[in-house]
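Listed next: structures, encoded as structure tokens.
Both complexes shown next keep chain A, but they swap its partner, so chain B is in the first and chain C is in the second.
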Partner chain A sequence: MTIRFEDPNRPNSYIGRTVPRPNAGRLVKGRGRYVDDILLPRMVHVAFVRSPYAHARIAAIETSQAKSLSGVLAVFTGRDLAEVCTPWEGRLAHLEGMKTPPQHPLAVERACWVGEPVVAVVGRTRADAEEGAAMVEIEFEALPAVTDIRTALDPETPVIHEAFGDNLCFRKTNEKGEVDRIFAEAHTVVEESFKTARHTGVTLEPRVILADWSEAEGEMTVHVSNQAPHMLQVLLASHLGIPESGVRVICGDVGGSFGVKVHVYPDEVATAAIAKILGRPVKFSSDRLEAFTSDIHARDHEATGRIALDETGRILAFDVDDWTGIGPYSIYPRTSAVEGLQVTNLIGGPYEFDHYRCRTSVVFQNKGICAQYRAVGHPVAVAITEGLVDKAAAQMGLDPVEIRRRNLIRDDAYPRTTAAGLKLEALSHHKSLDALIEAMDYEALRSEQASLREKGVHRGIGIASFIELTNPSPFMYGIGGARISAQDGCTVRMDPDGSVVALTGVTEQGQGTEAITAQIVAEAVGVSPGMVRIVTGDTRVTPFGGGTWASRGAGIGGEAALQAGRAVRGQVLAVAAAMLQANAKDLDIRDGIVVDAGTGAERMPLAEIGRIVYFRGDTLPKGLPRELMQTRHFLTSDYPYAFTNGVQASYVEVDAETGFVKLLKHWCVEDCGRIINPLLVDEQIRGGIVQGLGAALFEEICYDEAGQLLNGTMADYLVPMSGEMPDMIIRHVETPTAESELGAKGAGEAGTAGAPAAVMNAINDAIRPLGGSVTHMPFTPERVLRAIGAIGK
Partner chain B sequence: MTDTFRNRIDLEMTVNGEPIELTVPAARHLIDLLRTDLGLTGSHAGCEHGVCGACTVIVDGETVRGCLTLAAQLQGAEIWTVEGLTESGAIADLQKAFVERNALQCGFCTPGMLASAKVLIERDAVPSREGIREHMSGNYCRCTGYEAIVDAIETTLRGRAGGDAR
Partner chain C sequence: MKASIGGYARARSIEHALSLFAEADGAGRYLAGGQSLVAALNLGASAGDMLVDISGIEALRGVRIEGDRLVIGALTRHSEIERNDLVARHVPLLAKAAPLIAHDAIRNRGTIGGSLSHADPAAEYPACAVALDAIFNLEGPNGRRDVAASEFFKGLFETDRAEDEILTAVSVPVAQAGERHAILELTRRSGDYALAGLAIVVRGDRHRIGAFGLGDRPLLCEGAMAALDRGDVDAAATAIADDVDPMSDIQASADYRRHLAGVVLRRLAAELGVAR
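Now for the complex of A and B:
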């Protein structure tokens, strides 16, 4: 049986419809249960003493004063925890030559960034623990800090990890064709330098973990705000010496994640280790300063790039040299090399060309650790690509739309492998661009821009095409030896009254996992979504899976749910056929009732099947299978990734006197394959766009030359607020993947991938007549004014 | 911790329509009083210095930041949190609009958003979208991009202005 997606009036047609999220009604009443809301008997709190130095040797630690406080129960140093917890190294075997040193839950000999946890203080209350932390005295001997990216490998720069001999974590060049010859002979060559600012996820709920060790049961129960419970289960088990089945990770309500909460953090592992030592529940709840210093950062890239074109404006080659600083350690277990690696894969992704070179140099620094954050590497690659394309268009006198029409890969040219080596199944760049032009009424906008320019109003239109990596296979992490699952599973169970419970390995952080899983299972089984209850985020009960990252929930978890629901349907119909003395092929389930497939005539409610199977199984033929609980797992295998595509446009107004950029409107056309819930997809895109707009205009983690963090508060680190954000028009093209029956690809990162480039191009379109351009994010008023020469360089 | 902050103070207040008497440390902030002392975990601490709005609650008819308000300031105050606003039905239309428009994702900002929006939807005039955006600009949401929140508030405002039943 296949689903006739093209027929919106088919029975049980829940896939493709906007249905409300089952968990939204609870959250809007303030009935969420986030980790910090959980109180356990005998629970204590841990606070961390963190390094105030970017790089320092830990000479001595004096804890007696802290221990003397009545509310302080215990104090732990790095050496204490090293006895119960093994260190880790964020390396992937397939990233050749990658280096990173062992990392402990608490720094042992050296602290390597401002905010690295050094001592843990356990108190009866959070205030007690913090008071104790303030009494710990650590004698630091300051060491030279490495903070600059471009000079990190210079011989005179100190080496952070002496055994390595240099500060290089990883370097890779992705090259194809005759790049040097093409650039030497090309009609037009355009060069530019780009910077994407180091920024961070700023989840509204900071990281939080509550770990409880029961020695009697040999079980560690961990409530944690995290995206990947099974990953954390196996890693905590490994480093704390507990069988995997003895670690239960529960991720209930998660207050935003965006990649911030998919990593192993030293303070969280320390909390679990302390719980194991103390044998009682221990909670760590990060405050906002700790979030800024110890959550992962991302996008700290500087690049120079050039593009070669022939006389008709056809792109011939890209050549990019990307540098990125990742802090002192590569993140565990995903590594901090993947962002740079993605840049080498994604540059030029939407375009047709044969000659390609992109090198990334991933260097260590004494700053916070950089790692995977929403749209890993994509905003960097898209900004470089689309910045170069627009600059070339301007130089050649081509309209930005026209140069894209000439160069985007044709919609009928798939499958294909790009010059960078990406295998693309089916994309729709031209259809998407057409839809964008129509949605924004491009010509009218250009005339408005021209007439306003005559009045001294500087408006600009920026366009950015992009591809997005979704539905990753084991080629992303598993191949490198990381215990990160690319497959996912779903168990669907029919209860006696015909209602359904589905347990899925993908997780919910508000994007709508529960809603889409309910829709899929409802359609697959043949009940209404309201009859389906979803369970996520508990490693004790859900099938082993990867969780939610790389826009995999719908495409991979969704397909597992479809197949599991379909299997339950098959079992129900087999039982019904026996009871009705009918052929299962002639029966269907519609809205919770077994019907004749041909006529739709009602034969038997599911509740009757449930009653017989669970309470009067004796009346069924002996040996008749009647497992109304089925599990299916799904893994992509035809392609390493399901790439999606899209195009965004930004309309801005630049105030040439103040340098302020006003976002007037934003458009995105996106092709994420089969859409399961249109409203949720649109809101994923919108939320993603705004994170990209933050990157473009506001967000930058600032360190001084000594590695001190300068803006660790939300008053100093600017995030997008409602007042500055535009309304966003979202449109879709649907090119389902043939990899699965569901046909869904991911949609979570498209907005973030393309928005910064669209804004950059819009600003440059606005200020081009004034001279100058901006390519170093964020585009603050100061940078805009310097670009147009209103203030000195 | 100084001795002053170790002092304990006796408070009487009304929280979600219920009279409350309790003794708390002088350093206790409103958000901690709500979450820790009263178990009202609907309000959240996000930035702990008044920027993100996650702890926004209503005190004597005005929105305040729970993280910047000392409990000691609230002798005799009338406090409403998302729990009480839900039970009283005061914002049922707003909550319905939030759910229908998917104006929340992770839900962590939502109680504060609702508290801020309540003050706006009880005004007589229907503000422009820019006016709604401006009013809500003290509440941070990392998930939605704000447009759905603005839409939901606008829908609620229109509903109330049109005399629609809640």
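Now for the complex of A and C:
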């Protein structure tokens, strides 16, 4: 039996409804249990001495003073930990020519960015450990720092990793058609340069790990604020020389991750290695300054791009040269090349055209490591694409909506493969654009803009169409040899009273995984969501899975949950049929009761089936299968990724005297396939948009030329705050994927992907009559004012 | 990072606070609302301080009229200034300034004495005090003294207050009939320290302007004041570029801040209806 999703009155219709999140009440009551809340007997704390230099040779380390403190238990250097922990290299086999040197939990020989952990000090308390850390003396010999992206490959620039001969980590060109000829012959060619600022995820809960090694049991237990517990399990096992089954990673409540917590961090591995050496629980809790210097950064891109169009405004080609600086090491195990790689895949993504070239150059620098952060590469690619499209529209005298109508891939033109090589199953760009125009009353807004302009009020409307990669298959990491699971699993078990427990490999970071999994399992089995308990984030008990990344929880984990729930339902009905001497296919489960499928007449509560199966199995026919616990795994295979699409619009007002940008309103129409919980999806989109608005207006990690971090506090690194956020109108189009019965694609990153481009286009729409434009994020008031020439360059 | 302090003691009275401070032997530090000091301690900007908590001293509280002046106790919290009737009636500038400071949680703890003693050049109160021609009451081991606001601020986080002196109150002339006060600042986000801000007091036909975020201390903008006295807003907007001396940082360049000073000045002049 398939689920009739189109019928909202079907029995157990929990998929598609806004139901409350089971964990919300607990968290609001302050009963969350984050890693830092966990106290274990004999627990000690580690603090790190971090490099104050962007690049320096470690000549000598003097630890005796620190060791002499009564609160200090041990001090470890890079060489000490290298004895128990092997180094890693963030490389993927399918990214040809990629280079990155071995990275250790603590720097050995050289420190390569400000904030790199060099020495670990273990104390009875964190304060003791810090006091010890302050007494460690490290003799550094400063080396020249590489900080600029565009000159990183110049012959005069020092080479960070000498053995490589240059500072190139990875370079790739994605090319199709006759780009040079098309640009030479095109009616209109428009060029622009773009910058997206380096920023970071700023999770509310910083990174925290508590590792405990039991020598007697040969078991490492790690409580950690992380989004990929199984990945961490296998990697810790491999680098610390423990069988994978001997490593248990537990991720309880996680206070936000956004991609920050899907990587292997030297300080966290060091903590686990130290626990193994000391044979006792060791906690590391990152503070905010450490978060700014050692959490992954992202989006440090500079690009030039051009677009070619014919006389009708039809897009013919894109040609983009993207450069990105990633710090001194490629992140492990995902690599830091993926962001640039995504840019080469995603430029021009929503549009119909045949000629394409995009090159990315991924270079090493002496700054924090850049890696995957919410909507990896998308905000960069969407800004470049949509910036070029809008600039072309302005030059050709076309309305931004009209140029998109002429060029967006038709809704009936799927499946198709784009010029960049992306396989698209089914998207809804035109339907989405229509819904957007209606939601924002585009014409009315345009006339308001025009009449206000006469009064000297400069408002602008910006539109950004986008595609978003979700539900990844092993094509993303698996084929490159990384032990990152694209499949996911779910175990559903019925307890004797008819209530249900579901254990899933996807994780809860606050985004609502537990809520949607409960809804899916409830509908699949035929019970109310309140009867379903969800277990996530414990590698010892949940099926092996990938966790949270690339908007995969609902699409992959959700389908596994659906199938596991359906399997339990099938078993229950088989037992019920035997007990009732009925045919299983004439029965159904509704709200915890076995009923006649046709009439809905109640036949037997699940509790009765539970009682018989678990306590009086002797009364059932011998050999009747009665496993009321079923596991299913799911993996996408028809398409490498399930792309989603959407379109955003931003309405802004620019103060031409100060350069300040006021966000008046924001709209997003998004197509994430089947919607499981409308409120959760809306909130994911809103939260994503807020992070995108931060990118557009506020967030920027600043380093000076010597590689010193200039803004390591929340006072200097500006995150978007509610006071500046506009009202957001969210609408949906639903084009389910046919890869799964559930039909869900991801929704967690779309908001972030499109928002910066929409704001950029809106600002430029507002200031175009004043002359000038902005393309370097964030669009600070000063940058806007300089763009319109109100103050000198 | 864990704050590292040398010790903590709660003072019962001003005398007690002074003696605790003396006992601390050079490491003493007064603690009021903690909204600047505790943040600095948590950043490790200072370690080993012997904190003398003055927040329980009754004599430092309260707002009262003394003759033609309003006397505001140093411990008066930002949120009290926001709501106090006497402040609203007699020194509306402060009532207008308080809501611009940070956010509720900070305004509920931070004190006016703390803000003035801390002397952040981008803070609102110090510039208001300068514009209002306020007098600061200090009490130290050698007794009491009064310092005019214009003499008090010496540089970046530097004041005329000796380490062991307590700022007990700030005394402000009450607004005369027809006196007008206005404050305007530009911040990246609401509650942030200002990129540029001006506080104006119009007393009779005389203008006093205090600038914040536009130098290493709150500045009295005498060139712009003279121009406004003449009713010449254009000249004032030009003059203020010389009155201020902003610094460049990652939020904004000095040039941009200087430009903003002129914009803010024009907007305030328009709000106050100063003739062109």
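Keep this in mind: the second predicted complex is superposed on the first by the 793 of 793 C-alpha atoms of A that agree within 3 Å, B and C clash if a C-alpha of one lies under 4 Å from a C-alpha of the other, contacts with A are read in each partner's own complex, and residues count from 1 in each chain.
What we mean here is this: a contact is a pair of C-beta atoms (placed from the backbone, for glycine too) under 8 Å apart; a residue touches a chain by one contact, two chains touch by 3 or more.
Since this is a predicted model, take the numbers as computed values, not measurements.
Within the superposed three-chain model, A:119 lies out of touch with both chain B and chain C [touch as defined at top].
By the touch criterion stated above, A:131 is placed in contact with chain B and with chain C alike.
In the superposition on chain A, the chain among chain B and chain C reaching more residues of chain A is B. By the touch criterion defined above, A:713 lies against chain B and chain C together after alignment on the C-alpha atoms of chain A.
Of the two partner chains placed by the overlay, only chain C lies in contact with A:781; chain B stays clear of it. In the superposed model, A:287 lies in contact with both chain B and chain C.
In the superposed pair of complexes, A:647 makes contact with neither chain B nor chain C.
Residue contacts after overlaying the shared chain place A:721 against chain B and chain C alike.
Judged by the touch definition given at the top, the superposed model places A:702 against chain C, while chain B stays out of reach. Taken together, the two structures place residues 127, 131, 287, 713, 715, 721, 723-724 of chain A in contact with chain B in one case and with chain C in the other. Note for the complex: chain A touches chain B at residues 20-21, 23-25, 27-34, 36-37, 127, 131, 201-206, 253-258, 287-288, 509-512, 679-680, 683, 686-691, 713-715, 719-725, 727-728, 751. Chain contact summary for the complex, chain C toward chain A: residues 1-2, 4, 43, 186, 188-193, 195, 250-253, 255-256, 259-260, 263.
On the side of chain B, the complex with chain A involves touching residues 1, 27, 35, 41-49, 51-52, 54, 81-83, 86, 95, 98-100, 102, 104-111, 114, 129, 132-134, 136-150. Per the touch definition, chain A reaches chain C in the complex via residues 126-127, 130-131, 287, 289, 657-660, 698, 700, 702, 710-711, 713, 715-716, 718, 721, 723-724, 780-782, 785-786, 790-792.
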